[in-house]
Amino acid sequence: MEPVSTGAYVIVSAILFTIGVLGVLIRRNAILMFMSVELMLNAANLALVAFAREYAQVEGHVLTFFVMTIAAAEVAVGLALIVAIFQSRETINVDELSDLKQ
Amino acid sequence: MEGLFNLAPLVILAPAVGLLINLFIGGRLRERSVGWIASIAAGTSFVFAAVLSFGLARSPAGGAVYVTDWVKLPLAGVDIAWDLRVDTLSVTMMLAVAGVGTLIHVYAIGYMHGDAGFRRFFVYLNLFLVAMLTLVSGNNYLVLFVGWELVGLCSFLLIGFWLHKPERDPETGEIAGYKNTAAAKKAFIVNRVGDFGFLLAILLIFWTFGTLTYGPPVAAHGEEDGAHGGAATLAAQEAEVASEDGLCVPHGEGVFEMAEAFMAAGCDVKLGSSRVPIGAMITLITLLMILGVTGKSAQIPLFVWLPDAMAGPTPVSALIHAATMVTAGVYMVTRSNVLYELARGVSVLPFGLTSPGVLTIIGALTAFMAGTVALAQWDIKRVLAFSTVSQLGFMVAAVGLGGYIAGMFHLVTHAFFKALLFLSAGSVIHGVEHGHHHAHDAPEGPEEKTFGYRHGVLDPQDMRNMGGLRQKMPATFWVYLIGALALAGIVPFAGFWSKDEILLDAYSRGDATGWFALILLMTAAAFTAFYMGRQVFMIFFGAPRTQAAAHAQESPPIMTRPLVVLAFFSAVAGFLNWPGTHSFGHWLQESVAYAHIADFNLALALLATLLALLAIFFAALLYYWRPALRADGADRLGGLGRLWRFLNRKWYWDEFYELIAVQPFNGIGRFLAGRLDGDFLHDWFHDTLIWRSFDRAAAFLGAFDLKIIDGAVNGLGWLAAQAARYLRRVQTGYVRQYALGVLVGAIVLLFILVLPLLIANSG
Amino acid sequence: MSVGTVIFLVVAAVAILAAIGMLLSENAIHSALFLILNLACVAFFYQMLNAPFMAMVQITVYAGAIMVLFLFVIMLLGAERLRTPHGRFAWQVPVAFVLAVVFVVTVVVAVLGGGLRDMPPPPAMTEVEAAAYGGPEQIGEALFTRYVLPFEMVAVLLLASMIGAVVLSREEGFSISRGERLQRARGRRDALSLHHRRQEDLETEDVAGDLTPTR
Amino acid sequence: MDVPTLESLNLIVTWPAVGLGLWACVLLLLDLFVPKEDKFATAFLAEVAVILCFALNFRLFRLKPERMEAFGGMYVADGFTTFVNMVVLVAVFIGILLSFEYLRRAGIQRGEYYPLLLISAGGAMLMAAGRDLVILFVGLELLSIPLYIMAGLRHRTSRASEESAIKYFLLGAFSSAFLVYGVALIYGATGSTNIGEIAGAVKAGVLASGAPLDSLLLALGAGMVLVGLGFKIAVAPFHMWTPDVYQGAPTSVTAYMSVVAKVGGFAGLVRLFATAFPAIGGVAYWQTGAAVLAGLTMIVGNVAALAQSDIKRMLAYSSIAHAGYLMMGVAASATPVVREDAVNAALFYLLAYAFTNLGAFAVAIAVERDDGAGTRIDDFAGLGKTRPFLALAMALFMFSLTGIPPTAGMVGKFLLFRAAVQADLVWLALVGLVTSLFSAFYYVRVIVKMYLEEGAAQAQPVRSYLGAAVALAALGTFIFGLLPFDPASLVQGVMLLVGG
């Protein structure tokens, strides 16, 4: 099985990343925005692993590993925050969280 | 004797010590002790300055005193030390500042007696001395700038000193404390504009010369020696000051010698990616400095803050806003005389103007304009304030004409007699207020016609409420008279000699600028004599026009004694530069490279004196031989009709202003109000920046082209309002839109970073 | 087209479609499931990229732990209540799409414009190399030698986020009562509202009005 | 692969940062034994750790180390690191001083607060010291995640606090995803995550493997990283979260994050851009991008600050403006000959900013009321009379932020402008000058309010801790502005950092 070129993987990862960005921009639900961020991180990981294979190194894998761990840490904090917000406001629609503005 | 110079830091240290003592333990001392500590600190400073001047008498070349390292970046070749310069110029300023300062400190002990902020006042005064002495004693532009900013700060604090004053202004009915606050703000903001120019000038100096140190003046003995530091040696240096591609190479110690060398070499300075000839660069630097001068020394167009600054206590008006701080601009130009004289030979501006020419025109116009407005004011301090603006115009015009000695000479004599006049005016006000209270204790007599009673408070500064004070306050009268004669330029008082030198410089310049300045200054001098005559006659002669004036009392000795000293100097200071010996001129020549001594011109002096006497005669005609005021309170000059109103209403400034600024602005305001949320309009823009500055600006005196500065201030407010409106639309509080902002930024950034590479790759 | 390429294209299509599904799905649970599908596809990519260990971690940590947490929270809050009505800026959606297209085009052009376009696919590894590459031993060795510092940092970070989760959801530890807290919260909310502020300003204006002279 | 020995880890040089993090973990345990009502002991123990770390770091700083490495080259202790550590430690010290009082008054005394504070400080320090993109990224998260938590610390009592936390969190996660993607692309372009190796590859134009460098991919990655870090230091147009978050978060947290997040982000930025992407003849390609961001940031921050009526929001926009001035230094550092001066100037500016901003926020805390009200600028009216020393200190801070002598802010600005002019960014320096002229308007407004307007500013009774914080900040602001010194020797050059 002939390996697929790294460029192809990077393009797929760029597309996934952009879809993640789009999710943050158009979803109003905080949880979904957050999931979109996870998608962006995931896309970055894909690029990392692809590059790692190109250079035949494990650095890329290690970096991916760290990104995943940190994503987990972010999830813990983020979901706790979302739950706390929901408890006090009965909503997690970010468009309704706009008391603070100029 | 150079060892004596090492005392220089003590000149600054003395008031600093006084300041610290009062700051930390002043609260536990009695009022009088606080005042005397501050005064003694100032006096000590004067003594040290005097010692320095003895040292200079022995070795007149002067020198720099290293105090400590300051900003130092060895790799970049930046090494700015905190050096003090001891030479005849700086010591002259020190003597004037510390001398007049000491007298004013003593006077203030009496004047501020019983004021709740007594200690604060003296702390500020001492701080001001520290700042002003720093300004004049620095050996480089950065120290000068530190002092420059600090005096601005002190001025700001002292103008707003009586911020809690509850009385209402008799004319506008606004609370005095608010007015004082507004005046302080205005002074600060207007000065920032000037300071900005000066800062740019300093940056450019650094950029061009690689240093900010003044260095020794190049032409050690002026033009007549034909030296210029030796044109031959400069030519020899030419090779090393310019690199082979014609760029200037900073090489020496001081700014001035390098400026001379660069000019001789005719090299270029790199500014960004373009090359600027050194002459144009120096012109640019000096023009930016002029912006600083117009701010600090209250010249057109930035003079608007000074008349309002009289909101501060009278000793402050005398010390800061008449005698010392406002002359900083004149000092700065004199200090930079080498740059100005070099710029005089460069014509890159339109109409063949040069930057000293610009300075001359600004000074002469200011002198004339302020002189006319002073003719038609009733407030005793306001007359003096406009007079100060006018006299500063004289000095600025003088230094612009190259008459550095004349400018500095007038600076010194003006410091004496204007301080005297302000302090005497304070004494008059003090006396009238006293009389007012006294009259209230025994309320008898018919309903009297007074001015400024409209809100139940007598305006003790309105000259229409005075009259006949000669008998009530004899000491004040005599010193006031001396001050007025000195200011009016009557032989043999100080003002005559110094003003005459300025006129002479304008006359001997001989070019169009010189003639222009001569005509305007001559007229302004006649106006000066007239309004001083008018003032003296209105205040001291005739019959008392109010109960307050009738019951006025002489001020306590602690106030009058300093006045006598000042009066003495106002009378004799002119002999410093007696035409035969020119001792002041020779003294200054040691440190001002381009100072030249002008010969006395009898015809010119006679003409000026004649004009002054004529003006005083007219003043007497209108204000002495006939009652100063008609029954309806109209001024005698009212016969001028429209012209009088024009002057009294400050060149129709209010109406003009209403027309060009307020109405359009109100229109804009309504437009904004219709569009914006209420809280915004109740917010700072509307209330503070726009409304207040417009309101206050409407009260701003005598200005005809205020629109420039007010346009700038209010334009800024308007700009901020627009920006806020836009930002309000962007800053919505919605997370998703912030994220959108991030994405837009990312795209733009990627374009900036990637596109050039992409183009390069494909190309 | 080789078999590898075909498989790649299919999996890529599924991954992208899953991501789009997540983006557009109305139901939060469906979105989460789509995301899990996407994560699985990426795990498959990892396998294709000779990263078996990462593929395993991807499934266990991401799909297994993180997404379960997401699903848990969605269900806790009530999926049906998480539907959000269409909000005020409808304009943001088309703008976002346009910008996203610009963004992805920029990135792809930069990726293609660089050296990657010409780069041949990486050489196939030998049997032994491939067996060792990307395995747990290699990664574990890297983590505990070169990467020991970031490893420890991540440990502290996990601790911090744990504390955070506790702090943000626990009530105790406050020195004021619940009633008082609620009151304060209400007061603060009022203070934030524009209406209140405007009223305050009106009141202060009245005071100022007393001071201004009556002419 | 070699198994590292204790000697090769060279732990001692990492202690200022690593020790702080470890102590945070220990403190978390110790906190269990501290009574809930009074968390003084926890705060005290945290301060002790900060002082110890400061002493150790100071010693390293005085040693002027020749780039000591630890953890096999992951961690570099050079002049840059030790200076940034110093700034962070000063900020943490003052931050804890002012927090203790604030938390007590606001009724949110939580023992967890202090360990979180220390952890985020450790993150900022590691960002400066890291010589690997992994450290940069993990350090950034270590810095940020505690800040998200602390911003929401008041969530039970304040809607603003929870809102600011969720905004900060969502946008922070969003922007760090950009950062991760950028790191991935840089890795892809250079084949390494080690900053030294990246710099080598950039200079040589070829990778270690012999393949040519993909400069487009590198530029793309650099741009993405700039987005992530720019967000952290609040550079326009990535700044929009700042005013909302600063206003809503508990004021002590705002004070802390306005300084430490900026220091950390900036340290990472300099470490990466000035070292890893050096110019190869001429000017580094990223100068224009950084300069545009700097100019935009200065304009946006200063103009928007004019319109604010809330002191926290005003300081937020002011901090954006200051990020712009710092970016100016970063942009100037793209010109090789100016690099050291520019970085030194920016470092000094950070120090000045840390003192000044913490001081300003400390005064804001003193004026703020227990329920979180009292943060409007109007609430400062008359402070000059009721609390002369607080007002005096505030005036000093405002002057320093404006850049009026004799304050540290003025010296910092002077150095930065000079660097910009040297780097031929005259237009940028002019933008900076004009905008700082603008800034005088809103800073002076606070002074005018305090001194020249009637009002009964009711500062809360100031406890000694808060007073100490104000005094310390004022002292720093004053000393570094007035005393003669040699910034170049204070900030001992980034020369040591050249070549990674």
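A, B, C and D label the chains in the order they appear, each numbered from 1.
Everything that follows uses one rule, which is that a residue touches a chain if its C-beta (ideal position, glycine included) is under 8 Å from a C-beta of that chain, and two chains touch if they have at least 3 such contacts.
What you see is a predicted model, and the numbers here were worked out from it, not measured in a lab.
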Q. Any idea whether B-D or B-C has more C-beta pairs in contact?
A. B-D
(Q) With centres defined from CA atoms, tell me which chain sits nearest the overall protein centre. (A) D
Q: Determine the centre-to-centre distance between chain B and chain D, using the mean Cα coordinates as centres, and give it in whole Å.
A: 41
Q) Which whole number of Å gives the spacing of the CA centres of chain B and chain C? A) 61
Q: Compute the distance, rounded to whole Å, between the mean C-alpha positions of chain A and chain B.
A: 62
**Q.** Where chain C and chain D are represented by their mean Cα positions, the distance between them in whole Å
**A.** 25
Q) Which residue numbers or ranges of chain B touch two or more of the other chains? A) 679, 724, 727-728, 731, 733-737, 739-740, 743-744, 746, 750, 754, 758, 761
Q: Going through chain D residue by residue, note those that touch at least 2 other chains and give them in order.
A: 134, 138, 141, 145, 148-149, 152, 155-156, 159-160, 166-167, 170, 174, 178, 188, 215-216, 219-220, 243-244, 304, 307
(Q) Going by the contact rule already set, what residues in chain A reach two or more other chains? (A) 6, 10, 17, 20-21, 24-26, 28, 33-34, 45, 50, 54, 59, 62, 66, 70, 73-74, 77, 81-82, 84, 88, 94-95, 97-102
Q | chain A residues touching chain D - in the complex, by the definition given at the top | A | 6, 10, 13, 17, 20-21, 24, 30, 33-34, 37, 40-41, 43-45, 47-48, 50-51, 54-55, 57, 59-60, 62-63, 66-67, 70, 73-74, 77-78, 81-82, 84-85, 88-89, 94, 97-102
Q: Could you pull out which chain C residues touch chain A in their complex?
A: 2-5, 8, 12, 15-16, 19-20, 22-23, 28, 31-32, 35, 38-39, 42, 45-46, 48-51, 53-54, 57-58, 61-62, 65-66, 69-70, 73-74, 76-77, 82, 84, 87-88, 92-93, 96-97, 99-100, 103-104, 107-108, 111-112, 116-117, 119-122, 124-125, 129, 133-134, 138-139, 142-143, 147, 150, 154, 157-158, 160-162, 164-165, 168-169, 185, 189, 192-193
**Q.** chain A to chain C touching residues, read off their complex
**A.** 1-12, 14-23, 25-29, 31-32, 34-36, 38-39, 42, 45-46, 49-50, 52-54, 56, 58-59, 61-62, 64-66, 68-77, 79-84, 86, 88, 92-93, 95, 99-100
**Q.** Residues of chain D touching chain B in the complex
**A.** 166-167, 170-171, 174-175, 178, 215-216, 219-220, 222-224, 226-227, 230-231, 236-238, 240-241, 243-244, 285-286, 288-289, 292-293, 300, 303-304, 306-307, 309, 340-341, 344, 377, 399, 404-406, 411, 414-415, 417-418, 421-422, 424, 426-427, 429, 433-434, 437-438, 440-441, 444-445, 448, 451-454, 484-488, 493
**Q.** Touch list for chain D against partner chain C, complex
**A.** 1-4, 9, 14, 18, 21-22, 24-25, 28, 36-37, 70-72, 74-75, 104, 107-112, 115-116, 119, 122-123, 126, 132, 134-135, 138-139, 141-142, 145-146, 148-149, 152-153, 155-160, 188-189, 211-217, 219-220, 371-373
